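Same chain, two partners: chain A is paired with chain B first, then with chain C.
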Partner chain A sequence: MKVKELLAHGFEALALPDGEREIDGVYIGDLLSWVMGRAQMDNAWITIMTNVNVVAVASLADTSCVILAEGVAMTDELKDTAQAKDVNILGSSEPIYETAVRLAGLLA
Partner chain B sequence: MSDSLVFHFDVDGDNFTSAGQASTQVKKNLRQLGLSPAIIRRVSIAMYEGEINMVIHANGGTADVVVTEEYIEIVLEDRGPGIQNVEQAMQEGFSTATDSIRSLGFGAGMGLPNMKRYTDSMSIDTVIGEGTTITMRVNLA
Partner chain C sequence: MKELSLNILDVAENSVKAGASLTQILLTEENDVLTLEIVDDGCGMSDDVVRSVTDPFYTTRTTRKVGMGIPLLKLACEQTDGELTIESVTEEEDPQGHGTHVTATFNMNHIDFTPLGDVSSTMLTLVQGHPDTDFLFVHKRNGSEVKLDTRELREVLEDVPLNSYDVMEWIGAYLREQYEELP
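Showing the complex of A and B:
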């Protein structure tokens, strides 16, 4: 499934510089080094972290997109950095678990 | 063996939010060299963890990356306080980072373990009160 296809399923595009990217699996976590150690390439990464280091981690760990769950607000700095570094960021108004369940259904 | 490529970076110790500039640049450079995404990912994560460590603990330092046909070598050098107990620092979950660092999502105690996880070899040369040099290699051949 492509990242941009999530927009038809309740996810909001906060920054979408590379919507054609394919999603392969999901990882959930807020501790950045934990994510870098455990997330796989092309995973959709669900988090509630919104500081700008999230973009660097997503870029270096090569995740397909970041999904900000729980409706957390995104800063302009995060949005601009994501666009500049080619990192997709989507928003979900649902809690983390429901967001993951929704993704599981879509990726099955 | 043909000529090796060398990239040198100064890691700014004061600027926490821009940490990762060196590793992001290395990622770009390696991509231009046509290396595989899996290799690039390993090198850039290992280097980013090192860069973050230098910002958190050592007020910055330098990073040198050497690319040969056989391997990529990353050398991170700082003039920080040194690592008191390397064995302890290598354990997952051990961290001396402050609460403010943790609130940014760092300080999980996974930095050095990740550097080891993603590289084929890693050595730590540290002297208390003088600094730390970490040398990592990712094999290409």
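Showing the complex of A and C:
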């Protein structure tokens, strides 16, 4: 499934420089250093962290997109950096578990 | 990082890479505030570089685009309402007094405070990996302190390398004993 296809399923595009990327699996975590070593390439990464370091970790782990759950607010700094560094960021108004369940259904 | 001690290791490695002959790692607990200072006499950084090191996309390595030591330390202290400051003097600016001074403050009673973790292991790892440079570690709490100064060890040990098995064992026990007595 492509990242941009999530937009038809209740996910909001917060920064979408490369919507054509394929999603392969999901990783969930908020401790950035932990995610850095464990998220796999092409994973959709669900988090509630909105620090600019999120973009760096997504870039390092080469995830297909970051999904900000719980409707957390996006900062301009995060949005601009994501665009500049080619990192997709989507928003979900649902809590992390519900977001993951929805993704599981879509990726099955 | 799950523990600040791993973050300290990461940042102290930068000091060693900057050619420091002495790297000081100072932890001071006062009331609910923990102050971490990493002070080195390495080559220092220009103002531009100092500004960019908190940017996660800056690194001194060439193998990857991003360096996360300082950005993660900054995040760890800011999420407890603390702050991170970096002062640096380059070799050109001052051939005698150059180096970098990183200061991070943490509110230890904040719910998002990252536990300090095993700093003794951090010190052992640093000494083991860099037996020819010196480290001063001081952790102060409630008027007492834990201290390790490799310059003092070197004087006593003369030609014995600091990373030899017996010396590492001794340093580990020495730190452990002091921590047991720290109130």
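Observations on the model:
The definition used in the following text is that the second predicted complex is superposed on the first by the 108 of 108 C-alpha atoms of A that agree within 3 Å, B and C clash if a C-alpha of one lies under 4 Å from a C-alpha of the other, contacts with A are read in each partner's own complex, and residues count from 1 in each chain.
By definition in this document, contacts are C-beta pairs under 8 Å (C-beta built on N, C-alpha and C of every residue); 3 or more make two chains touch, one makes a residue touch a chain.
Since the model is a prediction, treat every value here as computed from it, not as a measurement.
With both structures placed on the common chain, the touch criterion links A:D62 to chain B but leaves chain C unconnected. In the superposition on chain A, A:K85 contacts both chain B and chain C. By the touch criterion defined above, A:L31 lies against chain B and chain C together after alignment on the C-alpha atoms of chain A. Set side by side, chain B and chain C differ in how many residues of chain A they touch, and the one touching more is B. Look at A:P17: by the touch rule set out above, it reaches neither chain B nor chain C.
Applying the stated contact rule after C-alpha superposition, one finds that A:V52 touches each of chain B and chain C.
Contacts of chain A with chain B, set against its contacts with chain C after fitting on chain A, overlap at residues 31-34, 36, 51-53, 56-57, 59-60, 85. On chain B, the positions that touch chain A within their shared complex are 17, 19-20, 23-24, 27, 37-38, 40-41, 44-45, 48-49, 52, 104-106, 108-111, 113-114, 117. Those residues of chain A lying in contact with chain C across their complex are 31-34, 36, 51-53, 55-57, 59-60, 81, 85.
By the touch criterion given at the top, residues 1-2, 6, 56-57, 64-66, 68, 71-72, 75 of chain C touch chain A in their complex. Those residues of chain A that touch chain B in the shared complex are 30-34, 36-37, 41, 49, 51-54, 56-57, 59-62, 85.
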